[in-house]
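Listed below are the structures to be examined.
Shared chain: chain A. Partners: chain B in the first complex, chain C in the second.
Now for the complex of A and B:
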């Protein structure tokens, strides 16, 4: 088989199903049904929200693996973690808003970041710890150092896949927090584009998320 | 010791002075401030703050001078406008008739211009005559003047720049309007809008004192915090049901709306409509003029409505129960707003319910009647009405009553509820409520004052 054809076959097998799903998403965005009574301009992209969102994602992307590295797969069975994971974003944001002292003024980005971590971190720690291989009898028998080494190796393999699976969700699912805390961000942006039927804007969103997925998949390449 | 006393006194005075910036919230992002392309209620508010129209509407809805301190009806049917000489844009350049002309021409030329504003200039010609602006329109002058109040003027080639009483700037997460040197002499330092899409969050922010003005959640209207007072304003807005099955279902709805809605559910936000067209626009209450027994529908009636609004859903459930008492099966089907609008425009519905916001003049009801009207979803037509409409040159004349009579003989829509705006306003802030809300009349926010 010619090298080009072999590359196409490997790439097709590796990216084909994912690309088909993202393509379907693109098609749905472009053919979104419905119309707006009095067409309004779509809002400008909230560029100002991008750095704090990336900071939040980076913090979560480091904090969750770090906690799992320390806690190991046993974290997945901790009842306290399950309790923290249970409340939806809405509840965390509402608690935070209720407890935020009036004299501090309206909550801003730090409050949003706190609510985001409170809402997302327990779930992500649970997700990662559940995906770790069991440690009993080995490497438990080899001692804590070997245990941490095995966790580190496993997390290094897991991390890109985990990012690829969760990044689109984090980037778009902060909508509830944004609505309640009054911090305009990426979640509000795509919702506004849906309600105003900005099909081109939505298509750009889908393509950006597809690009993130593609990069993470390319990064996650298995070495023979 | 004396200096310490002075410092303490100064601090006390400073702490007792009310905050000068009015804190407000928006339920959705209004998009960039744009006097040409901007559309939607939030844009209207922004444009009313940062811009000035030729004509304003006073709190009663009557035209008053704004940028034009005089307007004359010429013998050839044109209206000419004399502009004030003391108006400047934020860059210091004075308002010229060329700016007004550019705004109007851009609204007609730009394919992305606001459809509402472009409709105002449909069939109109604008020009300058010896430096004086004129407009000729097929619409009656009284209507044109009232509609011009919705067209703030932008500086030529700067669709984002107006000459209104407040200067606009965008901050991360906030839209800020600061007082300018302006002929309306605004008294409040400025107004800051934050995006608070969740009604519960607005309620919390009001209770914590972070908002000077806000709409409380309808089910908690009684708990006005001591720092705020309650203001209710009737609006030119109604919850309307359109029918594709002819006027018969509307006759049932006309009967049910009288006693279907419990007062606890209506609260202060709404009251049952009485007539066919908004009473706030000056129309007398008129019943459907069809005699004879009410024919029972052959099968269930399906009513489409915009889902997601708790208050409306509960009211419609009450309506369904009232229909059941008369043996009519009214089936409620929620839809997303865009999907409902597509069904309305395609005529793919039996009954459909949505909120209609009318322009502040009686000609707004023609949207129901015109063959191409944006609210004529069922192809309503009546030869007598079409011949009468061009003769309606003034509000409140006998022609309007005749027109309403024609509509009453075979209406295509019926209002269920007259909607009122219920807001909490900081006790220290003096505002003037009106049917146009707090912002859209003249002087609007420029007339607000902090009480000491």
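Now for the complex of A and C:
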């Protein structure tokens, strides 16, 4: 019984206050005041937006680690990367919108995908390269092969934690991009549920975000 | 940090006067970017909006650093670690949307308080790393062992802690700047009548592709310039 009680105490201290915050978020979603002036069904979940979103996340999830694997931790100190990372997603979308040739029709999913990658990729490469361990003097002294191997091992450990920690932020980025480019998607779904007072739908979103937090925290073995 | 604080004064500047009969003028020598629909000089409006956005970002950054410092100190016992991690996991925008719907929009001070408060948990870990060096120093241990009173400890270590916090000011400033711009572009920022870069972008973005105005492009260029100045200021190699 003692190990079980100890485990419960450790888990309570590790997750308890955080779960309380998520509980408050859930309460806010479920008690969202106000009613819509005309009764309306909750918006349908944008299933059509799911495959492109998953494709974008998969592309980002592969491209960022691949670039970091090639560039190493030195990328975190590159000024060019900092310059690419600096403009917010709002600005990338605005430039795409302004430069989109009229003959191509309204900017749809390809523009959204491009804006998403432009906004997210430099920041994620910076995040991952900062998290990589230093390479001087070792494995630098062991040669490029050992260097790549060490990077691969470090990235393999970082990858799930990175994905779980960053997914909520990408969701916010998609909300901004979708609103500016006029593309319906997962981010706008949150906004639509707020405007239609779909409390249950919002609560499901909060629980999904809480689950991501829980996963990323469970993976995070270090006491930061 | 100091040049950014100068812009706090811009928060007190009055709005430009309206001249509806001179609206929509093309760029001339007297109005280099032309005038907007309400007859305001577009260049003046852009400069005023930029200065006000920068001042607003400075105020938010000061607030979030103060709060972050408090959280960083409180975090020493690690009792708040899990709660702060959860606060960092909830994207601010997704939290602000229901809140804006509940309250029917935010005023400028409320937006500042919310942005500053929501940025503080993100600053706390970096602050804690910086403060750990003096927490583990022999001088701090000696003060604790000798039972120095809190006011005396604060007088000695407070300025050091603030210097460490000030090093994070540029990143806090930048996140406040983008936070306000994003909220305004989504229509959730401060109410009309208070020009800011985000409000200018929100006004100009819808017609940027079809009817591009010099003001829209100038606002975009201004935001890009600010982003790059901040990135250069990070001291990258």
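Please note the rule applied: the second predicted complex is superposed on the first by the 175 of 224 C-alpha atoms of A that agree within 3 Å, B and C clash if a C-alpha of one lies under 4 Å from a C-alpha of the other, contacts with A are read in each partner's own complex, and residues count from 1 in each chain.
Basically, contacts are C-beta pairs under 8 Å (C-beta built on N, C-alpha and C of every residue); 3 or more make two chains touch, one makes a residue touch a chain.
Keep in mind that what you see is a predicted model, and the values were worked out from it rather than measured.
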Message: Applying the document's definition of touch, where does A:19 land relative to chain B and chain C: first, second, both, or neither?
response: second
- request: In the overlay, answer first, second, both or neither for which of chain B and chain C A:35 touches.
  value: first
Message: Between chain B and chain C, whom does A:172 touch in the aligned arrangement: first, second, both, or neither?
response: second
Task: Determine, under the contact definition given at the top, whether A:69 touches first (chain B), second (chain C), both, or neither.
output: neither
Message: Taking the superposition on A as described, I'd like to know which of chain B and chain C A:127 touches: first, second, both or neither.
response: neither
Query: In this superposed model, does chain C or chain B come into contact with more residues of chain A?
result: C
Task: Report for A:97: first if it touches chain B alone, second if chain C alone, otherwise both or neither.
output: both
- prompt: Which partner does A:180 contact after superposing on A: first (chain B), second (chain C), both, neither?
  reply: both
Message: By the touch definition at the top of the document, which applies to A:44: first (chain B), second (chain C), both, or neither?
response: first
Task: Based on the superposed arrangement, let me know which partner A:195 touches: chain B (first), chain C (second), both, or neither?
output: both
Query: Do any residues of chain A touch both chain B and chain C, and if so, which are they?
result: 33-34, 94, 97-98, 100, 102, 179-180, 195
- prompt: For chain B, which residues are in contact with chain A within the complex?
  reply: 25, 28-32, 34, 37-40, 43, 112, 115-116, 172-173, 194-198, 200-201, 204-205, 208-210, 336-339, 341-342, 345, 374
Task: Report the residues of chain C in contact with chain A in the complex, numbered from low to high.
output: 78-83, 85-87, 89-95, 97-99, 101-102, 125, 174, 178, 181-182, 185-186, 201, 205, 208-210, 212, 216-217, 220, 223-224, 227-228, 230-232, 234, 236-237
- prompt: If you look only at chain A, which of its residues touch chain B in the complex?
  reply: 33-44, 48-49, 94, 97-98, 100, 102, 105-106, 108-109, 178-184, 188, 192, 195, 197
Query: Which residues of chain A touch chain C in their complex?
result: 13-22, 25, 28-29, 32-34, 77-79, 82-83, 85-88, 90-91, 94-95, 97-98, 100, 102, 165, 168-169, 171-172, 175-176, 179-180, 190-191, 194-195, 202, 205, 209-210, 212-213, 216-217, 223-224
